[in-house]
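Below, subunit A partners subunit B and then partners subunit C, in two separate complexes.
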Partner chain A sequence: MITELRKELDEAKVSSEELFEEAVKKAKQEQDKYNSFVTIIDKYKIKRRADSILKGIPYALKDNISTSNILTTASSNILKDYVPVYDATVYRKLKNAGAVLVGKTTLDELAMGGTGTTAATGVVRNPWDSNRLIGGSSAGSAAAVALGIVPFAIGSDTGDSIRKPASFGGVVGFKPTYGRISRYGLFAFASSLDHVGVFTRSVEDAAIVTDVIKGPDGYDMTALKDDGKSYKNELNKPLTHKKLCYIKEICDVNEYKDSEVIKTLTEFHKLIDECKSKGFEVDGVSIDKKLLEAIYPTYMIISCAEATSNNANLTGIQFGPRGEGNSIDEIMFSARTKGFSELIKRRFVLGSYILQKENQEKLFLNACRVRRLIVDRVNEIFKDYDGIILPASGKGAPSFDKSSEQVSDQQVILENHMAIGNFGGFPSITIPFTFVNEMPVGVNITGRVMEDDIVLHIAKEIEDITGLKGMKAGDRHV
Partner chain B sequence: MYKAVIGLEVHCELDTKSKNFSSSPNKFTETPNIHVSTVDLGLPGILPYPNKEAVRKALKTAMALHCENPDEVIFDRKNYFYPDLPKGYQITQVTKPMGKNGYLDILVNGKKKRVLIHQLHLEEDTASLDHFSNYSLIDYNRSGIPLIEIVTEPCLESADEAVTFLEDLRDVFLFLGVSEARSNYGQMRCDVNISVMKDTDKEFGTKVEMKNINAFTNVRAAIEYEIKRQTELLEKGGQVVQETRRIAEDGKTYSMREKVDAIDYKYFVEPNIPPVKLTKEFYDELRKEIPELKLERYEKYIDKYHLSEYDAGVLSAKKDISDYFEEVLSYGSDIELTVNFVTSAILSTIKKLDIELKELFITPKMLSGIVDKVKNKEISLDHGKKILYQAIDKKIDPNEIIKKQNLHQINDKEELLKIIGEVMDENVSQVRQYIDEGNTYVYNFFIGKVMAKTNRQANPNMSLEIIKEELERRKQDEGK
Partner chain C sequence: MIEKDKLKEYAKKLMFDMNEEEYETLQKEFDVILRQMDIIDKIPNLHEVEPMTFPFLLKDRSLRDDEVGDYLTVGEVLANTKHQVNDQVKVPKVVEE
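Up next is the complex of A and B:
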């Protein structure tokens, strides 16, 4: 964990260069098996004049974050040789803070996907069981932290791309309020849903990293003003916001048949009881099932629509492999045909269809309206509650051979509710809370917009309850 | 009889320090790809950051064109693939354009015509392409430059009307200071939609589109050619094809492509630019920055200042001249004399020196000083102009020149009497001619002497009176 490494660095028990070498060594050792990285950095580089809590701490960046002079592929063939000429704001901030980059992590191609199996460089495996997936799209970042290669990694989250793999990987995954961290330099998937966020092994570490990378940005008009808070320091104050709720329609054990899901929910309700005994007030609230069922299609419609447009720069004209052909249309057509996998093309075709004049009202604009309805309902709930607590996944990570299995409609709701955090830009965190069938499962807390500190604080108290802090793959829950 | 129906889509680059959504300079240059940032190249991960100045200028133009303005600024994406469009979409405005339903009054051959503006919106320019035999080059300097597009209703009927509208619209840009609108730099360019119909027809004919015409002379040529072509075609019983045509150097238009199904640009609201509300206070402030436009000034000069149409035209044609003229008047100077000075001396001088009015040494305040002295008969009109030219030549305040060279007209009776007395004492024989012979021809002799002695500053009328009186006095003194 960052806090421990900080101490060792400060006491000169270890040098940052040694930490880097160790991280690189481990990254290379585990690469064949887990495929966490697209690029492992071989040269130690640090901003020596930096003075921050992250100085000398090694970390990893998702490979859809622009790093000048370092290959950035978004795990897509269309960008397989793309070396950016500019730094993303989050990378610039980490560099200036003296953090040491170890590598660029594997993702589902262009961050579109939730399995970690669609990268151009192959599947990412779950450190707790290499026959299982880790989830995505920030698969490599989750795996690198779960493997203990780095104490923290940066990811991006459009539907649950940080918080789901955090659940499957037994680590902390936090995406703050929309705009809290600048998106400048994050390869856009769906701009209105995209967030930059962090993976760590403790809530405190998540607060520490967020403190460094948050803030306004002259390159991102959606970036928020500085809230002037140190989230780390806020954790040491007494928590006064302890009113939580869960959504009854999602957490009712009787609605499910899958034994692992039932186990997860049983554990979840035990956790709720423990929370209550530690001074939390927790109620079950209702959301119209129709709205809950609409989350996934709404997410798909909006994200595919925005994605087709956001990725229209990938034509092989300005950068990337040049296509072949006799006309400019043929050249672009060929670059895109070769550059994207079938899954990506499917999303683009969907997005394009959704935005067509004759479909836009029915599909795109209605999805935007449903998004508004869902957010309004959740904000209604936030009038009475400081946070919504829900299982981050119904069970542990699926194995590769079962990943394409059909699941019930009820399970679709259970597995996709975290997109609510993206719809409303709510701060949302997943922390490990139990093990089901020897695989970690996370619990998710989502709070009011702007109240990142409170969400972190609630998570910290629940982390104290679960005792699952600082886990690496292989550590078994006792 | 056939008549033409013409609608224009005018693009004009705005004059701003930086581009519409990035910090690269918005400057014209011959060197390709030097005013380029990551944003203008559409690199992965970039975000647009709108230019406030461009937004203000677009809104100001919309207001000057009497448009309805939006309650908030939002942008939309126009999605299509083309190598001059690096992001694969253009940021433009569809949902809430900067202006809707406006108009511009123009004078066509002395007759006032109201040209209806359908819409004005702010967008970004594309990169420019140079095509060669088997390859093309892209210059991103133009990529992202703020551009306003003004779409008229199909309400123009002739090349005269269309070209006058374009000229007057350019004057609007110049008066507002939003763009230099130089068509030779492609800063102002226009698409022409044109159809012809019988006088008696209820519906418009099939329209032909001509894209990206830079020079106004080409707009005229294209329209005139198309009216003739389409009319002849219809008269022969033919049909106009809906198509895009281009104007060639021979002044004729040629078919580029027939209109296939309209492209679906899949517009949607740009998610990276949150809506910005525009308050009444904001609009009130902005309105203060809008000066009177050409036609308003022209009408004011005729109705209020009673200028001739010619003078009113000259003085309202350019904002700097008009402002200069009005500033001189603001100091209370005489209108007629000011018109005289500005239209002759000032304009001929800047033309002769080939300079801008703002480079001229003479400020309106200085000119006002000269005009007032002429008006008060302290100096003559001729003198006034001479002093003006001298002041320009030597870059000296004309009031200083008047003082230094003592060029004031001497109107003081005592002073004149003193001088005349001296002259008479020096020319006793001429005095005697008057006393002895009653010769009044000596008046002119003395006037000449007085003028010579005073460097022509003596007031001639006053001097004559005094000379007459003095000669008579001297005659009386001798008791004759």
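Up next is the complex of A and C:
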């Protein structure tokens, strides 16, 4: 973990170069089996004059974050040879803080997927069991942290792309308030839902990294003003916000037939009881089932529509492999036909359908209306509660052959509720809380907009209850 | 079921094509997706709600000062294309002879 490495570096028990070499060696050793990386960096590079808690610490960046002079593909063939000429703000901040980049991590193509199976360079495997997926889209970042290659990695989250793989990988995944971390240089998927966030192996580490990369940015008008807080220091103060709730319609064990889901929910209710015994007040609250059922379609409509528009810049003309043809239209057509995989094309066609004039009112605008209803209801809940606590997934990571199996409507809600955090821009964190069938499962805590420190603080106290801090794949806490 | 020709039309508007098998998969997928989307229609009085296009209202927004900042050089702009002429990206002739 970062705090331990910091101590070892400060006491000169290890050098930053040694940490880098070790991380690169491990990244290469594990690459064939897990495929965490698109690019592994060979050359040690550090800002010597940096002075931060992250100085000398190795880390990984998702490959949809712009890094000048380093290949950045978004795991898509349409960008397979793209070398950016500018740095994303999050990368610039980490460079200036003296953190050392080890590699660019594999993602679902263009971040549009939740399985980690659609990268142009192949599937990412779960470090806890290589026959299972790790989830996505920030699959490689989750795997690199779960494997212990790096103590932290940066990801992006549009529906649950940090928080779901964190659950499947037994690590911490934190997506702060929308705009808390600049998105300049993040390849846009769905701009009104996109967030940058972090993977770590402890809540404290998530606070440490967020402290370094948050803040306003002249290049991103949606980046928030600095709240002036050190999230790490806030963790050491007494927590006064201890009123939590869970959504009854999602957490009722009797509604499910799958034995692993039942086990997860049983463990979840045990955790709630433990939280109560540690001074938390936890109630069950209701959200209209119709709204909960609408989360997934609302997410699909908004994200596909925005993605269709955002990815119009991928033409193969200024960058990316050039298509063939005798006119600009023909070469664009050819580049896009060859460059996008089938799955991405299917999502884009859906986006195109949604944005047709005759469908805009019924589909796109109605989805935007439902988004408001959901966010309004959640904000109403936040008048009485400091956070909503829910299982981050119904069970451990699925195996590759079962990932496309149909699940019940009830389970669709359980597996997709974290998009609420994107609809409303709420700070939201997943931490490991139990094992089901020897696979880790996370619990998710979502709080009020701007209260990132409180969400982290609540998560820290729950981490103390679960005792699942600092895990790497292979550690068993059954 | 949505017509395959319609799907082809939508794909072509986005400037790509798929093969017949892929269109058939998409056609079946559309059926499922459209059923999912019907869930939204079941929510009452939606027309009274203002569509939400951003997570929350950003207050105190001000534009940054209009100062010259970092900018890309011509070499940087052209760094990712082999097709260039006279410091510009080269494309096929637009105006036909």
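The rule we apply is simple: the second predicted complex is superposed on the first by the 477 of 478 C-alpha atoms of A that agree within 3 Å, B and C clash if a C-alpha of one lies under 4 Å from a C-alpha of the other, contacts with A are read in each partner's own complex, and residues count from 1 in each chain.
Simple rule for what comes next: a contact is a pair of C-beta atoms (placed from the backbone, for glycine too) under 8 Å apart; a residue touches a chain by one contact, two chains touch by 3 or more.
These figures come from a predicted structure and were not determined experimentally.
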Contacts of A:N313 with subunit B and subunit C, given as first, second, both or neither: first
Partner chain in contact with A:K357 - subunit B first, subunit C second, else both or neither: first
Subunit B versus subunit C as contact partner of A:Y385, first or second or both or neither: neither
Contacts of A:A88 with subunit B and subunit C, given as first, second, both or neither: first
Which superposed partner A:S327 touches (first subunit B, second subunit C, both, neither): second
Touching partner for A:G425 - first (subunit B), second (subunit C), both, neither: second
Contact breadth on subunit A, by residue count: subunit C or subunit B: C
Partner chain(s) touched by A:R183 [first = subunit B, second = subunit C, both, neither]: first
Which superposed partner A:A74 touches (first subunit B, second subunit C, both, neither): first
Partner chain in contact with A:F268 - subunit B first, subunit C second, else both or neither: neither
Subunit A positions touched by subunit B in one structure and by subunit C in the second: 82, 85-86, 192, 218, 221-222, 308, 312, 315, 317-319, 328-329, 332, 352, 356
Subunit A residues within the subunit B interface of the complex: 64-66, 72, 74, 79, 82, 84-86, 88, 183-188, 190-192, 218-222, 305-306, 308-309, 311-315, 317-319, 328-329, 332, 352, 355-357, 360, 364
Touching residues on subunit B, where the partner in the complex is subunit A: 38, 41-50, 77, 79, 81-83, 86-89, 136, 138, 264, 266, 268, 271-274
Residue ranges of subunit C touching subunit A (in the complex, touch as defined): 7, 10-11, 13-18, 22, 25-26, 29-30, 33, 36-37, 39-43, 46-47, 49-56, 58, 60-61, 64, 69, 72, 76-77, 79-83, 89, 91-92, 94
Of subunit A, residues touching subunit C in the complex: 81-83, 85-86, 178-179, 192-193, 218, 221-222, 224-225, 290-291, 293-294, 296-298, 300-301, 308, 312, 315, 317-320, 322, 325-333, 336-337, 340, 342, 345-346, 348-353, 356, 362-363, 365-373, 375, 422-426, 449
